[in-house]
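Labels A, B, C and D are assigned to the chains in the order they are written; within every chain, residues are numbered from 1.
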Amino acid sequence: MVSLTLNRINIKAVVDDVTTPESGGIDLFVGTTRNHARGRSVTLLEYEAYRPMAVGVMEQLELEAHRRWPLNRVAIVHRLGKVPVGEASVAIAVSSAHRKEAFEACRFLIDTLKKEVPIWKREYFSDGSIEWSGEHASSRAEHD
Amino acid sequence: MVSLTLNRINIKAVVDDVTTPESGGIDLFVGTTRNHARGRSVTLLEYEAYRPMAVGVMEQLELEAHRRWPLNRVAIVHRLGKVPVGEASVAIAVSSAHRKEAFEACRFLIDTLKKEVPIWKREYFSDGSIEWSGEHASSRAEHD
Amino acid sequence: MNVRLKLFSVARDIAGFDEQVVVVAAHADADAVLRQLVEAHPALEEWKGSLRLAVNCEYVNRSHRLNEGDEVAVIPPVSGG
Amino acid sequence: MNVRLKLFSVARDIAGFDEQVVVVAAHADADAVLRQLVEAHPALEEWKGSLRLAVNCEYVNRSHRLNEGDEVAVIPPVSGG
């Protein structure tokens, strides 16, 4: 299951979505808006997406994870719009019979999502400035 | 935060517990009762603990994770008593500024919890037999 | 032939539009659309090396041959998650 | 001197009790308690190699010296998670 939402991500629903009787382990990654970036104070992040392609790439990632590991279910939810500090922008849950595969697949999914899925975030700094993440080449190497 | 509970684990509460403004990533592991073990059909698991020591060892694990990685918060909740198929027996959440540390610490915590914390599970099989996990030496090597 | 050009994030902000029908030669490749865009908006030049292209919601090489009606998207470095 | 012996899981099931005050020599080590237990319950012999010992809720080596009133726990292979 993959989805984009403008609302708060319901963490329990994401975990429930991958819970199956065959599963012994679930790994969930939640990305949250952090109050600092590159030494500057951040007040919120705003996400936009090339929606149909973002959904398509997320679905491809889900299939790729199933090809690489013996998983039961995968759920990927990304929030769009403004996400205040402390709230979740992305949640990825993976269930498997054994925990090793769930951890590895979840890590692969968030790492690859950050590189491949056409979603962009704008950083709102407490000094009032607003920048696209990575807008300044010098900061790209530091990007998490 | 570490705790033992006889009730269902509230996954959202565990994630909320580690959510801080300084965190960019949260990794959560949930161990659930699986409907099979070593080729046999399982109906439920029942956990017992040496409670004061289990809490003490879980607290030591939490400190050890903080020593090894720059984490914000750690939460470890283990359920005791009967846990039906599909329900959570353990939930471990870790928050950090960056996701790499959250993943590594969460994996360390569940791996070490399974080796060190004095908690035992009894497996109830669909043929009516009840066994301590690992009771038969031949099956110990297969333990997840 | 006509293709639909879509811009996102910093590319859209620099060019000042998010969607536009552009005319390219028959059998043009995706790079032709990008060159045309950068020519019209020279501020995009410094970004050119990091822009990826997608056609009909799939990443493509710059040499990808276009067809009439294709949706060509310019994808600046992504930063989701 | 007296120490409090606690058994869990398969060790408790085999021995048939979960807690008992046992008398050991002054300065006895933790292993003395275990040897005494296995002697009284020979079915524990095959488990002996995989049993760990804890004193006052901390894992200890078998050579750990006991004090009056210590709580000595026999810890079969754990299986939480």
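We adopt the following convention: a contact is a pair of C-beta atoms (placed from the backbone, for glycine too) under 8 Å apart; a residue touches a chain by one contact, two chains touch by 3 or more.
Predicted model, so just to flag it, every value in this text is computed and none were measured.
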item	value
Contacts common to subunit A and subunit B (chain labels)	none
Partition of the remaining chains by touching, absent subunit A: B, D | C
item	value
Chain whose mean Cα position lies farthest from subunit A	D
Whole-Å gap between the CA centroids of subunit A and subunit C	25
Geometric centre distance via CA averages, subunit C-subunit B, whole Å	48
Residues of subunit D engaged with two or more neighbouring chains	none
Where subunit A touches two or more other chains at once, by residue number	31, 110
Which pairs of chains touch, using the document's own definition	A-B, A-C, B-D
Partner subunit B, residues of subunit D touching it in the complex	6, 8-10, 13, 54, 57-59, 73, 75-81
Interface residues, subunit B side, partner subunit A - complex	11-12, 15, 19-36, 85-86, 95, 97-99, 102-103, 106-107, 110, 144
Residues of subunit B touching subunit D in the complex	31, 47-50, 52-54, 56, 78, 89-90, 110, 113-121, 132-135, 140, 143
